[in-house]
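Per-chain numbering from 1; labels A, B, C and D assigned in written order.
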Amino acid sequence: MMDTKEKCGVFGVYGLPNAAEIAYLGLFSLQHRGQESAGIVTIDGKAVCERKGMGLVSEVFAPADLERLSGSIALGHVRYSTTGSSSVKNIQPLVGDSRFGSVGIAHNGNLANSITVSERLRRSGAVFQSFMDTELILHLIAQSGFDSFEDAVKEALWQVRGAFSLGIVSRDKLIAVRDPWGFRPLCLGKLDGGYLISSESCAFEVLGADLVREIEPGEMLIIDSQGPRSFSYAFSPRKAFCVFELIYFARPDSLVFGNSVYQVRKNMGRALAEQEDKEADLVVPVPDSGIYAALGFAQATGIPFELGMIRNPYVGRTFIRPTQEARKQAVQMKLDPVREVIKGKRIIVVEDSIVRGNTSRRRIATLKKAGAREVHMRVSSPPHCFPCFYGIDFPTKEELIANRMNSEEIKNFLKLDSLRYIDIDGLKASILPPGDNYCFSCFTGDYPILPDQGLGKEVWER
Amino acid sequence: MMDTKEKCGVFGVYGLPNAAEIAYLGLFSLQHRGQESAGIVTIDGKAVCERKGMGLVSEVFAPADLERLSGSIALGHVRYSTTGSSSVKNIQPLVGDSRFGSVGIAHNGNLANSITVSERLRRSGAVFQSFMDTELILHLIAQSGFDSFEDAVKEALWQVRGAFSLGIVSRDKLIAVRDPWGFRPLCLGKLDGGYLISSESCAFEVLGADLVREIEPGEMLIIDSQGPRSFSYAFSPRKAFCVFELIYFARPDSLVFGNSVYQVRKNMGRALAEQEDKEADLVVPVPDSGIYAALGFAQATGIPFELGMIRNPYVGRTFIRPTQEARKQAVQMKLDPVREVIKGKRIIVVEDSIVRGNTSRRRIATLKKAGAREVHMRVSSPPHCFPCFYGIDFPTKEELIANRMNSEEIKNFLKLDSLRYIDIDGLKASILPPGDNYCFSCFTGDYPILPDQGLGKEVWER
Amino acid sequence: MMDTKEKCGVFGVYGLPNAAEIAYLGLFSLQHRGQESAGIVTIDGKAVCERKGMGLVSEVFAPADLERLSGSIALGHVRYSTTGSSSVKNIQPLVGDSRFGSVGIAHNGNLANSITVSERLRRSGAVFQSFMDTELILHLIAQSGFDSFEDAVKEALWQVRGAFSLGIVSRDKLIAVRDPWGFRPLCLGKLDGGYLISSESCAFEVLGADLVREIEPGEMLIIDSQGPRSFSYAFSPRKAFCVFELIYFARPDSLVFGNSVYQVRKNMGRALAEQEDKEADLVVPVPDSGIYAALGFAQATGIPFELGMIRNPYVGRTFIRPTQEARKQAVQMKLDPVREVIKGKRIIVVEDSIVRGNTSRRRIATLKKAGAREVHMRVSSPPHCFPCFYGIDFPTKEELIANRMNSEEIKNFLKLDSLRYIDIDGLKASILPPGDNYCFSCFTGDYPILPDQGLGKEVWER
Amino acid sequence: MMDTKEKCGVFGVYGLPNAAEIAYLGLFSLQHRGQESAGIVTIDGKAVCERKGMGLVSEVFAPADLERLSGSIALGHVRYSTTGSSSVKNIQPLVGDSRFGSVGIAHNGNLANSITVSERLRRSGAVFQSFMDTELILHLIAQSGFDSFEDAVKEALWQVRGAFSLGIVSRDKLIAVRDPWGFRPLCLGKLDGGYLISSESCAFEVLGADLVREIEPGEMLIIDSQGPRSFSYAFSPRKAFCVFELIYFARPDSLVFGNSVYQVRKNMGRALAEQEDKEADLVVPVPDSGIYAALGFAQATGIPFELGMIRNPYVGRTFIRPTQEARKQAVQMKLDPVREVIKGKRIIVVEDSIVRGNTSRRRIATLKKAGAREVHMRVSSPPHCFPCFYGIDFPTKEELIANRMNSEEIKNFLKLDSLRYIDIDGLKASILPPGDNYCFSCFTGDYPILPDQGLGKEVWER
């Protein structure tokens, strides 16, 4: 039933008169976490206002929308989903009306026991409006035996397992929750007299807000007229911070799991450099995500750093590909080699990950065609072999190239002169705190929590 | 909580391969029952498909939408709401996922005990997605103690009172329900091997379908692979067919409550004619709704019928009125007097109802300005004094002119030479079956069912 | 080169502060003359403002557009074109910048010597922006040897032949022109201190403006700060008022060529009645255009008038027809027979014209299916056999049913019990002034002016 | 009359079956030269097809548009204009119908004698459709005394002075023209059997096409069924290549005026480095345009290169700024400092130019707030003091900060620890061929051609 493939951004505001506008600006900084849909819910004393739509933040909200979204509490969400069921119903924040009044919820992550929970709720007479696991939490709150909203939220959280960084708004509260494993980031900020929560700290910087701290795994933070209060509603000895947030997903100017994303990526490049044995003329990143590891690699090896591939910023989501032929050119459209830089040179290309391999293959061919003498690739993540059950959307196991080929075969498929991945130890050495707190399951298959049943068994879909 | 002001049209299809397309064509014929939003839900073996949107049927559905709406069961709805909360959430058919799988429901009418029921459901942990009383029925079904879907629907229906003509679709069924009072119409049709339900029979005519019969008050008709089966799930000795459907709301080419709407309206004109004592040169209808009573009036009195006012079909919903001044002209834009017909004549204007009186006043002034010597008005409904709790949206009691003025005062306000309304007896004489089966509460204040509490008390609104 | 198939409406304003808004309201009343595109040009001391777009008047202009269209002189146009080349370039009013500054022009009709004139202009170095014959007049003005704008316009008018009712605006003037034959209507109105021109007088009525008079054939009326001045720039002894304006095209509440359109149509029905020899129970019009002739026919024969077919006002331009099958139903969707009225009756259907015959055939089948005992058709125009070169878009000669069949054959094709057309004499007797001033060429093939060459020979098209 | 403020991109295709699609892909690579509007014109044997619209290439063209744009000759244009008159009429390519048939023209640059030429054309009876100087060339061609199209184009070119890189299409030809001074770039490419022209060579790379050569100043290149033929239609001993193309405007992966833009920018950074006397910890570019000079600077000085400011790629044209307060934040939204990189460091920021100074000021404040110990700025262009008459849109002289303040004052205004610009000699040393062939007028005020009159004197505007 559940749509398990999403990566998302959550942004909440408490106690600021123009809460919707602040949320709107905050979502802009989290846009990289989800480009498919966006939504903001505000609470204005007694009424809930919503605006949700498909598209980028800039496309979903017109000035009139923000004006209409009155109130000093706001909750925003950006979402990316690759499945076909990207319908309007599945745009967050999700809002439901219950015995606690209207409650809004925004979720980054993925529940692992959604099938069991949803089956139980159906039997108790629940009527679902969406096909998102997020909605289960709403029903668990509404069906709680406790009288107070806070207790009902806690009781609901006890019943779900998996990855969830949540923002919840009710009549007079903003609640921030992180699952006991801490899969996804969530942090607390302060702006003027009000409070902010955000998936990443980069959203605070541009607003001129201060980062207070990260929400702890298993913490439930309640912000209302009494100020913020915090509870440890659950505890897991095993932590599982998603390492892919650091490798690829988070913005380089964010602080995530206590790390500067920028520095971690440079460290990864340095870790790769330590084992370097090839001679080369240039280090060339695959922009934009490979840039920081490439910088670290170049600084450690002393090989000059050059932007030998230029990204065309206008080739985006909306790029249409009239024919099959043109579709191939589209990949090329995004990155153009700088012939004058590349020609006759031995190049080390630094990339953050190889997923299916097709795009990399075409790019390497382009570099060769532009005159590169040798092309070596260094990858700042280990070979990617396993699916993610915690909210990052990877292709199926069959599509992951590292599942079908070993490094030598991949090197040959990509027509590289050499290929090397960072290893798990190099990765661990690049990050703080000790690597044991992280989830590496997409590289190792060692899952901290297993989903309670096979996914996608449901027959009723929209 | 509930949005109590709507008039709607329901259309269902069972057992036709292109069910969505048939529903689309059916909704076209019911468009006069609601121009604010439209929706179609189809069921395709295991999946539910929806398409809903604000606007006319022709604006909501593109050809690609109809193609996507696969399945041989379809349920469609058109809706009109005058309240500000005309949000996307409140577009029908409403769909919820429950222990009976996905269930869709489309509703014409208004529940009278929605506040009590919704309070009870909230306490039991229900999470509402909309602010429509229709959703209550969905939750009552999901929370039913019975195992079979049909029994659960029946149990739900026992718990609601008020006006409801419903279409319900589930995995393999189309269900048609009419409340025990029979407020709103609903009828059954047959097309090729399949079945249709429709708020009005006019939708069958254009599809080339046959009208089988009207659904009875208190009847629940289930159509599935075994064909149609019928139950009397409840009985009310008092019937309450809405007489305003015949006066104004239904299309003249429909059969409603056993009546030809066209003939009933002509009868009303004849009833008015019986008491006519003025001499006049012309009978002029207010188009389009006054035309049929005017024809009956003209035929009975022998006074020539002329279309002395022309409707501009292009002045519709989308007409913008840049200034206050232009807004007044807008009323005039819609109906233009034909000066050559009117000039120097004594005119009897036939209208179906006078609500606030402002529009009538401006029109009569226009006729006088165009040279009419005398203007007499005959109205084919009695003075309109009371609100409707059963699904027709009238203005507040304060705005209804017949509440503030007697006939003589209204005549003076409208600057008429004479004014006469049909009386309740004349109305009863114009319709079949005996008038005792009808609801005249908007004229008499004698309500068949009273709402359980004051309306509009809810504080949490969207 | 020229797009010869259009019917249009022209509306101009001089000397009113909110000229654009008045033009907007005026175009609403002329919307029946063209639904494909609309445009308004205003002049504000020194600047020209334009807003043009595809669609209805209500779709093209947003309130912000009207605000932006400042100035006290305005010229508006609505247009209908059936050809594929309905591009934005061909929306009127057409504006060009020349030695007389910016000049705007709006045209109803069709030039007969456009090919000759355009060839001459090309040779002199003209660069055309559109494919409309209207643009030729703009170039003739710009290339004129005269110094004053008025003289240049006159010189331009001497060089074109054909049907043209024009509105022209320049820096400080509004000019109204009608061709010497008087094919298309154009009239002058007065509102407050300002002047209006309009294709039809119905647009004055709703604005509360007074009809001053019709512009004469061969008249050029200049309105500027000195008030209106008039010239007879050319004279034709032969007049050629388009009789189809009275039969079908103009609104019934307009005065056209000295006639009340409403009365003329009733006269046509009376003329048909004079020769009636069949007995019948009902007279039923094909709405909306056949209503007035049907009324005249019913009043003259004494046979009761009934609206036995109901038009669905929502089946409009935007009606999509998902399949071929549905397309056939679309015709039926527009007009629904009222079974209770029709059943068992002998009906005389009054229609204004039969063009291809297919729609009529389907409607008659519907009436028979609804139970009509006999269906007789009376048509208020003679058989339609010839194309129009003066601005009304008829199908090709081959498609016109009266070209392929005689009346008996058409009757059989339509499955009628009898069919009778009005004859030219009956038509002439129905109108003022004497019929000799009219163009009947679509019935007789007797063309007042012949186009200078075959049409559609141009090879360069957009 | 003329809209003198634009920078544009031109792309043409000859002899490829899917010419529109190739042009579409080409315009994508030139999108940085104009984001306001885009257009493509194709020629299909006898018909001209156009599609033009406001917005990005990806917004203007839907797949159906490209399908409709049939033919093997195409001409495309992207345009940026800062003036209010950014109307649909002013979107290029401009198409006019003349004695040479339909002719399309796309223009990058600005004519210097447009007022004189337009006055002459008006007197000769020309009717202008736009307010672009480009249209003058169209009229000069149409009014030429020569019989052949090629001779007419040449005659037209003799009559205009200024900056113009043109693409012209007619029935069977694609013509590329560069003005005798060579202000703007234009180059010739080859793809399969066909030919391409493009403002920049980067568009060839992604299409897999080969760069043949740059069009010469004063060259007119005709491509038709005989292949390409070239004429020197005019000669200027003084060349005037726009140095700002190399500094800022062109893409780094283009070859312009014989230079690798990437290398030129690195050279500029090196030239700045030669005179460096400050100690610093980091070199930080202002992305994206300052990146290459910063790289050159860092490599020459050995100071580490770090991306201390991150660009948010989603803050684009569509970013709405609900309030004045938010507008200020918008500048900050675009570039976020990476606190962990900046903190406690002495930074050299490399920027390509300082125009008004406000944006720079806010960015430097952000860096200081993020903890930078010292901020020094190095600028890879000299102080910018004079307007451009050749097609680059700079603010007015009054707004240019370098006009009001000397370097020391600017340093203080920006709150920098030091500020240094490259000097003209450093600039000249960075480029090929010798600097004498370049136009430096925006830095020096030494204009190669002066406009014939003050601009903006026209009173009739749209």
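Quick note on the criterion: a contact is a pair of C-beta atoms (placed from the backbone, for glycine too) under 8 Å apart; a residue touches a chain by one contact, two chains touch by 3 or more.
None of these values were measured; they are calculated from a predicted model.
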| said: Keeping to the contact definition above, tell me which chains border both subunit B and subunit C. | reply: none
| task | Since subunit C and subunit D are copies that touch, just let me know if over half of their interface numbering is common to both, same, or not, different. | result | same
| said: Please tell me the distance, in whole Å, between the geometric centres of subunit A and subunit D computed from their C-alpha atoms. | reply: 37
| task | Measure off the straight-line distance from the CA centroid of subunit A to the CA centroid of subunit B, and report it in whole Å. | result | 49
| subunit A-subunit C separation of Cα centroids, rounded to whole Å | 61
| remark: Where subunit C touches two or more other chains at once, the residues are none
| field | List of subunit C residues in touch with subunit B within their complex | value | 18, 21, 24-25, 28-29, 31-32, 35, 56-59, 61-63, 66-67, 202, 205-208, 251-253, 255, 260, 262-263, 288, 291-292, 295, 299, 304-307, 310, 312-316, 318-320, 322-323, 326, 329, 332-333, 336-341, 370
| field | Interfacial residue positions of subunit C with respect to subunit D in the complex | value | 1, 46-50, 87-88, 95-99, 101-102, 122-129, 131, 135, 138-139, 142-144, 171, 459-462
